[in-house]
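Below: a set of structures, written as structure tokens.
Both of the next two complexes hold chain A, though its partner changes from chain B to chain C.
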Partner chain A sequence: MKRLGRGPVARRWRSGTSGHRGVRELTGYFRDKMGGGWLGYRGLFAALLASPQFGLSVYWFTYTSVSLGTGTFYLTLIPILIAVPLIALLPGKSGITPRLLGTYALWALLPYTLYDWGRVPMNLIFGIPFWDHWYDWGASIMGTSGTIFRYDTLTTGLASHVLRGWGFGVAYYILVRRVTLVSAFAMGWAMTFFYWLVFPVWVLTDALPPWIWWFTAWMSHMVFALGLWLSPKVFAYYRKAY
Partner chain B sequence: MRARGPLILLTLALTYVGPYAFVYARTATWTFPRIDERDADAFDGVEVLVAQAAELERIESVSGAQRATYSVNVNLMHRKFLDWIGFPLVLEVNDFTFSATGVYQGSVVMACSQFDKAFDKPTGVEPWYIYQPLVDKNDNTTVEVGCTGDASAINLASLPVSISFNWSVEATLVGDRNEKVRSWTGSQTVEVRNVRP
Partner chain C sequence: MDKGSDSAGYKRSWKTTLYAVLAMQGFGLVFGSVVFGAVVTSQPPSAYPVFGYGKPPPILIDGLSSFYWAIPGAVIGFIFLYLAMISRNLPVPMRSKMGSSVATLKTMNEKGD
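Our next item is the complex of A and B:
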């Protein structure tokens, strides 16, 4: 006989709970106000802190007509300025305290760095650079005229890239109550699909990419996922060691 | 146990900065040299082709003299090139200056001059399906140059006739990271045709 265990689905199965109530139970995690579910404060804070991507999305979806500087100001700087005091003011509502936010901010430094490490061999072996867009982003933020291939545009683009990777990391840690390998890879896959969809359609230089581009995008996001999972462990190890 | 703390911090710091140190190093040793090389190849690949026919379009009286107006097509070719990541671009062409003289039986029968501030090119703000045809379209750019001369210098009844055509072109070519002023000169035979209605 099939074992159903003791989870909410099994309880509903045994008691013959109505479908409506079953759905409510299943979506409870998202609506959980005490823990600030995905449709509550956790979702809001995650969205506000993942906002570096929103600024870039507007830049992409308008085929760069809206500058990345404008996108970053309205859709990144302002959301983060809203998120920080909200998190400080409402720690009891969401379960996210300023101290926890600080911890997540530190954890989120590692995944995007590993993501970039994952791309280094792809440049050395296949000649695929991972910093080609940084010049565009930097030039768009700075309003550079003339050539975009300068060290100042590269540096600005790099800062923009780092901010985006960090934002995704913080959003992940806010959304999940417990960091697991499964949820980290779910995040990695979600980011991969987003990347696969957006770049070939809205980013001119990545239209009709070769197979190695698809592979590199997937592989680096899997490394990012590994970083999401690994980072809390590294920091826990550090705290024990020091 | 305590000694391991700084070691972990150092490892983390190196992990953080590693890929970005790599990017700056590769920019200096690979990206910029590669761009410069591709720009130089693109500049060298541009050619000018002047049509072998000048068309007599009209004759008009100006201060008692008969002035003939001709047109000659000038082609600036091979503007398309692949950038450092293999993406197709079109060279920017600015301050295009063309001048020429047509000589027939030892006397100058026409003089030509043309200046274009900038040639058309894709902006890069287009989606791919618009951008790609624009790249192909702007690979070769044709400029219709106007030439004028004394209509009595050529016997119109004898057209078409061949004349000696001496021309020069100067343009500023702008690539990904570099620009270059290039000039071309040529001397060729051009057939003058009467296309007046």
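Our next item is the complex of A and C:
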């Protein structure tokens, strides 16, 4: 172990006021199994539970050559089936107990709900729909032929969309040591960047999105971030009430 | 372990939170401006009509590249990042004028957000 001596720098290091403190905290954060721990089991479990996006990504990046049904089976259903028993069997590795996983699963219901409600005014004011892709997803999952604008394709696409938002929410709660507004917005921005990069190139291949599309993508993910931050507070409120 | 109510020892003030969030918005605008400019100048326009009439092309202002929006974004980002950094609450031990005793400054911001 490095000897620090008795000088002023060493005193600051021990008192935690040194600039090195930030570095130590940061590296510790990525290894801390009780929160953070991106490089350990928490990172693995977050990746497995965010897998609904992997299934859709394969569908996008192959320009729909791989159906969303295939992507959802291999890159969503199976990863989640691996994640849930592993989390339950290895609570000592990640600090996540089955009860905690259930809590995260409940918390993750609010962010994507607010995300969708946040997009409603954009449709009413600017005419930007947000459910148009759900028809494509539902038709790809079910192998629908002929017209795809049906309620069964719409609801299947909606289920796929919900699963994706829920997965991102659970992944966030697994990866953060503490739910804060700053980390929630950081997650919202990460999702916005991904959305901005992927959609114009791989998804909206028939047209260039106007600026209002970029604004709507940003706005809705910021609402998602607010949901991430708000959900534990709502949960705590109702748990006290009942 | 309830993350939602785990506020013990959590000393980030609402000012720091606000500044950090605004700094993120500024840097996000930088990223968005660059990506927007890269996409609208590299992707082909609509080759065939969608739903009968086609999607509208992006609105572009002659002489005003979207890349320029990155400049105010960066300014906003760095200003609020600086404000967030200086508003952080860190207890700093400080020697008194007599030189022997150590007085710890009162924590300035004790509320969590």
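Points to keep in mind about this one:
By our rule, the second predicted complex is superposed on the first by the 207 of 242 C-alpha atoms of A that agree within 3 Å, B and C clash if a C-alpha of one lies under 4 Å from a C-alpha of the other, contacts with A are read in each partner's own complex, and residues count from 1 in each chain.
The rule we apply is simple: a residue touches a chain if its C-beta (ideal position, glycine included) is under 8 Å from a C-beta of that chain, and two chains touch if they have at least 3 such contacts.
In this text the structure is predicted, and so the values were computed from the model without any measurement.
By the document's definition of touching, of the two partners only chain B reaches A:Leu109; chain C does not. Of the two partner chains, both chain B and chain C are touched by A:Leu208. Once chain A of one complex is fitted onto chain A of the other, the partner contacts of A:Trp196 are limited to chain C, with no touch recorded for chain B.
Touch criterion not met for A:Phe73: it reaches neither chain B nor chain C.
In the superposition on chain A, contact of A:Thr147 is made with chain B only, not with chain C.
Once the two complexes are laid over each other on the shared chain, residue contacts for A:Asn123 go to chain B alone; chain C is not touched. Legend: residue contacts after superposition of the two complexes on their common chain; A:Leu100 is shown touching chain C, with no touch to chain B. With both structures placed on the common chain, the touch criterion links A:Leu158 to chain B but leaves chain C unconnected.
Common to the chain B-facing and chain C-facing surfaces of chain A are residues 201, 207-208.
Within the complex formed with chain A, the chain B residues making contact are 1-2, 4-6, 8-9, 12, 15-16, 18-20, 22-24, 26-27, 31-32, 35, 84-85, 87, 124-128, 131-132, 176-178. Residue ranges on chain C touching chain A, taken from their complex, read 1-6, 10, 12, 17, 20-21, 24, 28, 31-32, 35-36, 39-40, 43, 45-48, 50, 54-59, 90-93, 113. The part of chain A that touches chain C in the complex is made up of residues 15, 17, 34-35, 95, 100, 103, 107, 173, 176-182, 185-186, 189, 192-193, 196-197, 200-201, 206-211, 214, 218, 231-233, 235-236.
If you check the complex, the residues on chain A that touch chain B are 63-65, 109-110, 113-114, 116-117, 119-120, 123, 129-132, 134, 147, 149, 151, 154, 158, 201-202, 204-205, 207-208, 234, 237-238, 241-242.
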